[in-house]
Amino acid sequence: MIIKEHIERVKDEVYKCVHCGFCLTACPTYLVSGLETESPRGRISLMKATIEDQIVPDQNTFLHWDRCIQCRACEPACPSGVNYGLLIESTKEGINVVRSKSKLYKFIFKIILKLAISNRFINFNSYIFRIYKKFNLSNIFNKLKISRFLPNSIKILESMIPNVYGKPLKYGSYLTSNSLKKEKLGFFRGCIMPGIHGDNMRASVNLLNLLGYDVTIPESQVCCGSLNSHNGDMATTIELAKSNIDLFLKDDYKYLIISAAGCGTRIKEYSQLFEKGSEYWDKSIQLKNKTYDIHEFLFENIKTPPRGVINKNVGYQPACHLLNTQKIDEPPIELIKMVPGINFIPIPSSNICCGAGGAYSVTQPKWSKMVLNKKINEIKDSHLDIITVSNPGCFIQLQGGAEMLKLKTEVMYVTDLLYNSYIKGED
Amino acid sequence: MKIINDHRIINTNYPHNKNEFSKVVKKLYKDNQKMIILGGGTKAKYGNPIDSPSHTVFTSELNKVIDYNPSDLTVTVESGMKVEFLMNLLSENNQYLGYILPNKKLSSIGGSTAYGYSGNYRFNDIHIRDSIIGIEAINYNGDFIKSGGQVVKNVSGYDLHKLYIGTQGSFGPIYSISFKIYPKPNYDTRVIFDFENYEDVLNIIKKYLHLNWNIPRLSIYSTNKFKRKLYRLFCNISGTKNAVDYIKKSITKDIKLNNGKLEEINNNINMSVNLDDFGYNLKDEQLSIRILSSKNSDFHHIINYFENCKLNFQLLVNPSIGSISILIENNDSILSYIDEIAEISQLNNYRIIIDYVNLSLQNKLRNKFKNNDNQPIKNLTALLKKNYDPQNLFSSGKFI
Amino acid sequence: MDISQSLNKKIIDIVGKDFVFADKQDMVVYESDGTHDKGMPDFVVLPRTTEEVAKLVLLANEFELPIIARGSGTGLSGGAVPVHGGLVISLNRMNTIIDIDVDSSTATVEAGVINLEISNKASEYGLFYAPDPSSQHACTIGGNIAENSGGPHCLAYGVTTNHVLAIEVVLPDGEITWFGDFNKEVPGVDFRGLFIGSEGTFGICTKVVVKLLQKPQDVKTMLIAFSSIQDAANATTAIIGAGIIPAAIEMMDKTASDAAEEATNAGIPKNSGAVLLIEIEGFESDINDQGKLISDVIYEFNPVDIKIAKNDQERDLFWKARKGVLGALGRIAPNYFLVDGTVPRTKLSAVLSEVSTLAKKYNLIVANVLHAGDGNLHPCILFDQQTPGDTDKALKLGGDILKVCVENGGVLSGEHGIGYEKRDYMPLLFSEIDLNNMKILKNIFDPDGLFNPGKIFPVE
C-alpha cells in the first residue's frame, strides 16, 4: 500500500478538512464537470477513504487525482486552512512510485522528465516549434489530410504547439545604462520561455535595466523542479533544488527575480523539501527571502510610471501560482493601471485557472481544453482588446485557446504591456 | 333556521376557550355535520358559496393574546381576535404587521388568515402568507396540531401552517396564529397626484416599483363616475423623516415631468376612496373582483376594456402586488360583460378571483372562471382534502 | 445480467455514461455532506434536464430505489446523505441561469445554480438575491429550497421561502409541475410554501423563480467587541427592542472569532469575549442616524472596541471571517457538531449561559456563532472523531442544548433543517399528533416513501 503510506505522511492535513464544500466553486475541474470526484473535497475524500481502508485506490482513482491542475485555488477558499498542495503532491508521489513499477512507464517517464529539464532539448524544441509555425506545417498537414489519421489526443497536442516570439534569450549579463546604478540581480530563466518567448523575456530584462539593475542570467542554473514534484518525482526535485539554492545564494545576486509563477512558487517553497532545521532548510529560507516574482518586484520599485498612452480595454488573467500560492494579487493589476489610457476591465472569474497548469495541458489535454473553453468564452463576453497574463504557461494556453476559438482579443504579458508604454513614452 | 349572510345556518356555537373549541369541532365531525367557522363573518360571501345548511362555529369569543413580548418582534393571538384590536395592541408598542388587513373593525385575524389577502398596503412586500410563522389548528378528531412556532427562523418539520393560509377553512379550524411583526416606521406620509393619461402614471410606477424604498402603497385609482378621465395615484411613503422627505421630493419631481398634478391643485374632483377597505363592505347590488397577473403587468388590457364598456366601475391598480381590484355596480347584462372579461383574462394569463358577489349571481359566476390549475395540483389538493377532512365537512364547497 | 447491472444500463441510457457513478471507489465522495454523517449510495447520477430527472424518478420507482437529491453537499443536517443507499441525483450540471426579468425583478434559474451566481449575474442590473447562507458561494439554490435556508441578512430580508416565487418540481410519481406564481396571493393551497423546506422528501425541485431586490444605496458595517458574550447578547436584544432592524446582527464568541481572525486576518480584536458584526443599509442619512442610535444603545453594554469597515474590501473581509468561521474551527478540532436552535430574541442571553454551563459539564469546547438578530444560535461543539467516546459525548451535548432551546420557547432548527442529524430530537418539540399530521402530508406527496428516507421523522 504505497499510496496509503504516502497519504498517511500528511494525515494531519487530511483530517483538517471538515468537508464544508467551500472549495468546490474555486476548483476549475469541478466547475466544468460538476463532479464531486473532480473537486478538492472529493480528492481529499478519496485520500481519507484510502487511509481508512474504505477503498484501495486503482487506476481509476489515480485519474481523479491526475486531473487536479494543482492551481491551488482551493487553498485561499478553504476556511480550515488545509494545505492542499502538500496533500496532492504527496499523493502523486505515491502514484508515481506505483506507476514506476511498470518498467515501460518508468522508462518513458524518466526520459520525459529528463528532457523536460534539459536546456538543450528545450532549445531544440523551440527551434522545431519555430519551423513548424514559420512554414505553417499545420496547414500543410491539414491539406494533405494527414491529421485524419492521427488519434484525437495527438491532434489536441498538435493544436497546442505554441507560437514563437523572437530569438531565444541568451545566458549572460545585461547591464543597465541607467546612471542611478543599483544592485545586481539574478534572473531565473525558466525552461520553455527563453526559447519561444525571447522577445518577451528581453522586455522583462529591459524593464529591470530601466530601473537601474544589472541583470545576470547564469548558465549554471537548473530547472526549478516543479515539473518533477507535480508528478511526484521528489528525489530529482531535491537534487535540482540544492543546485539552485547553492547558485543563487551567492553574494553576486542581491535578489533573485523570477518571471514564471510556477518556478517562483517552487523556489519559494523549497523549504518543504527539507527537514526543518537542516542545512538546506535554512538555506532555502534564506533564498526565499530574496526571491521576488517580477511583478511584485516591479510594483515595489517603479518610481516613474510609463508615459506612452495605450487606449485599450485591458483585462487580466492572474497566474494561479502567483495568486493562490504566492498571494500576489494586486501588483500586476497595479502595473497595468500605471499605463496611461488603459481601461481596466476585470473578467468575471479571473481567480479560476485557465487549464495550463505546467505539464497539465499535455498530460490531461481533454480536461485542459474543457477548462480553457470556459475561460475563453468569458474573455469573449468581456469585450476586451487585450487580455494580459503574468506567466508563460497562461500565455501559451490562452494564445492557443484564442486561436482555436477565433478570439479577437490579443494575449499579452503584463510586462510587455508595461514595456511598450515605456518605449512609446520615450518617443 | 337562521340566515346569516345568505347562508342557511342550522346551529350556532360560540366556544369560549381552546378546549370548548376543540370539543365542538370534534362533536360536529363525529355527528357528520357540515360546518363553517366564522370570525367576523365579513367574508362569508366571498368566493364560492358553501354547501348549506351548515353548523356555524363563531370564534368571536376566542380573542385573547397568547404571547406578546415586544422585544421578540413576534405575537401569538387567538384566531377570533379582531384585526383592529391586534393593530392597536401592536401600535401601542410602535409595532405593526407590515400590512393593513382590510375591514379591520369587523374582520377577525383567523378569517383574514383563511382568506389570505393582505390588502393593498404592504411594507417591504410583506404579506400574510409570509408573516405567519406558526399556527395551531384543530383536526377532525378535535386534536390540536402545532406547526411553526414563535421564532422568526424555523425549519423544524414541515411548514404545515401554509396549509391553512388562503384555503378558507377547507382543512379545519385555526385556533391560534403567530406573526412576525415589525417596528413601525416613525414617519408615514401620503401624496396624491392626478393624471389624465394612463401611460404617464405608469412611467412613475415602473420607476419606483423596483427601488427598495419604503413605498408601502403605490396604487392607481380610476372610475367612470365622472365625465373626465382621471387617474389618481395614491402613494404612501414611510421610514425616517429624512428618507420620507427624500423619496417624496424625488417622486414629486418625476411626477411633474410626467404631466401629473398634485391633488390639492386639482381638487375640483372629489373622490373619497377608502383604500384600505377597497372592495369590502359592499352593497348587495355591487360586485367585487380581483384580477391577478403572473408577471409584472400594467393591466392595460383591463383598463382599456373598462373605459370602453358601459359598466359603472371603480378600479384600483396595484402593480407592486400584481393585482387590480375592480368594483362593479351590478346591472342586468353583467353576465355578458363577465364573459368578455374572462376572455381577456385568459388571453393575458390573468387569474380572476370573485371577491364579493350576492348569492344569486354567485352560482352563475361559479362556472365562468375556470380554475386553470394543472392536473398534479388538482390531484394533490384533492388528496389533501381527503386526508385532512375525510368526510368533507369543513367549509364544504367553499374552495375545493 | 443482475438487477443492478440492468439498472445501471438504464440509467446510462438516460444521462450518458460520463454522468453515472456505480463504483464504490468513486461514490465515497458522495457519502457525506457538510456533516459527519455518512451513507453509501447505490448510484450517483448527474442529469442535465428536468425530463431526465423525471425519467430517473420513474426508473427508481420501478426498482423501488430511494431517491436523494443533492446540490453542492454543503448542508449541515445530513440532508443529502443517502442513509438507506439509493439513487443520489446530483443537480450540479443543471446550472443555467435561464432568464433575468428586469421588469418584474425576477430570475428564473435551474436548481443547480450556485446561490451567489444569481446575485453576480443580477448585479449587472443593480439587483441581487437576498438570502445569503454562509456557504452561498458554493451552495445551490435547489439545496436552499430543500432546507429553506437562511443567512445573516435574513434579519432584514427574510428567509428563502420569502424570496422564492415559483418552483418547478418533479413529483414522486414522475410528474413535472410548477408550484407558485409571481403573484403570491393566488387562492388555493400554497404548495410552493409547503414544498420549500421539505428537505427533499416531497420531490425534486428542478427550476426556480426568485425575487430580486434593488441593491441598497449605502451600507455600513460595524464590528463591535464586548468583554463577555452576555453583554453582546443583551446588546443585540436591546438594539431590536429599540425598534432598529439592521440588515444583519451576527455574533461570534471568543473561540469562534479568534479562529476566524486566524483564518482571514480581518482585524477582529483578539481575546474579545464576543464580537457583533452589524450591518445597516439604506439612505446615507438614515445609516448615519441608525449608526448613532446603535452606538447609543450598545454603550450600556460596555463595548471594548468598535471598528467600522472603511471600504468594500474591508467589509468583504469582515464577512469572509464570519462566513468562513465554521471551517476555521477546523483549526481547533477536526470535527464539529453544529447546533442550529432558534429561540425568542429576548431569551438569547439566558440560553447562552446555559450552553456554557453544559459545555463545562461535558468538558467539551463549544464555539458560539449566532445570527443573533434572529435569535438563531449555532453552538458548535468541537471534538475529534478519533478520540473514543468523543462523538457520543458531542451528540449528547447537542441534544441537551436543543432541549434548553425548546424549554425556552425555541425550536430545533432555524435554517439547516432536521435531516438525519436531528430527527430523533423531533419529539422534544412536536407531539405524536403533530408528527402524525406531518406524516399525512408526507404520504400525500410520496406514498411509497422513496424520497429521502430516514430524514425528519424520528425512528420508531
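A, B and C label the chains in the order they appear, each numbered from 1.
One rule holds for everything that comes next: a contact is a pair of C-beta atoms (placed from the backbone, for glycine too) under 8 Å apart; a residue touches a chain by one contact, two chains touch by 3 or more.
Keep in mind the model is a prediction, meaning the values are calculated, not measured.
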{"item": "Where chain A and chain C overlap in contact partners, by chain label", "value": "none"}
{"item": "Chain whose Cα mean lies nearest the overall Cα mean", "value": "C"}
{"item": "Geometric centre distance via CA averages, chain C-chain A, whole Å", "value": "37"}
{"item": "Geometric centre distance via CA averages, chain C-chain B, whole Å", "value": "32"}
{"item": "Distance between chain centroids, defined by C-alpha means - chain A, chain B (Å)", "value": "63"}
{"item": "Touching residues on chain B, where the partner in the complex is chain C", "value": "47, 69-74, 94-95, 116-118, 125, 127, 129-130, 139, 143-147, 149-160, 162-163, 165-168, 182-184, 206, 209-212, 239-240, 242-243, 246, 292-296, 321-323, 351, 353, 373-377, 380-381, 383-384, 387-388, 399"}
{"item": "For the chain C and chain A complex, residues of the former touching the latter", "value": "21, 23-26, 28-34, 46, 72-74, 90, 92-93, 95, 112, 114, 120, 135, 137-139, 263, 324-331, 334-336, 386"}
{"item": "Contacting residues of chain A [partner chain C, same complex]", "value": "15-25, 34-37, 39, 41-42, 45-46, 49, 54-58, 60-61, 64, 78-82, 348"}
{"item": "Interfacial residue positions of chain C with respect to chain B in the complex", "value": "101-106, 127, 147-148, 150, 154, 158-159, 161-162, 171, 175, 177-179, 181-191, 193-194, 196-198, 211, 213-214, 216, 237, 240-241, 243-245, 282-283, 285-286, 289, 342-346, 371, 374-376, 409-418, 426, 429-431, 433-435, 437-438, 440-445, 456"}
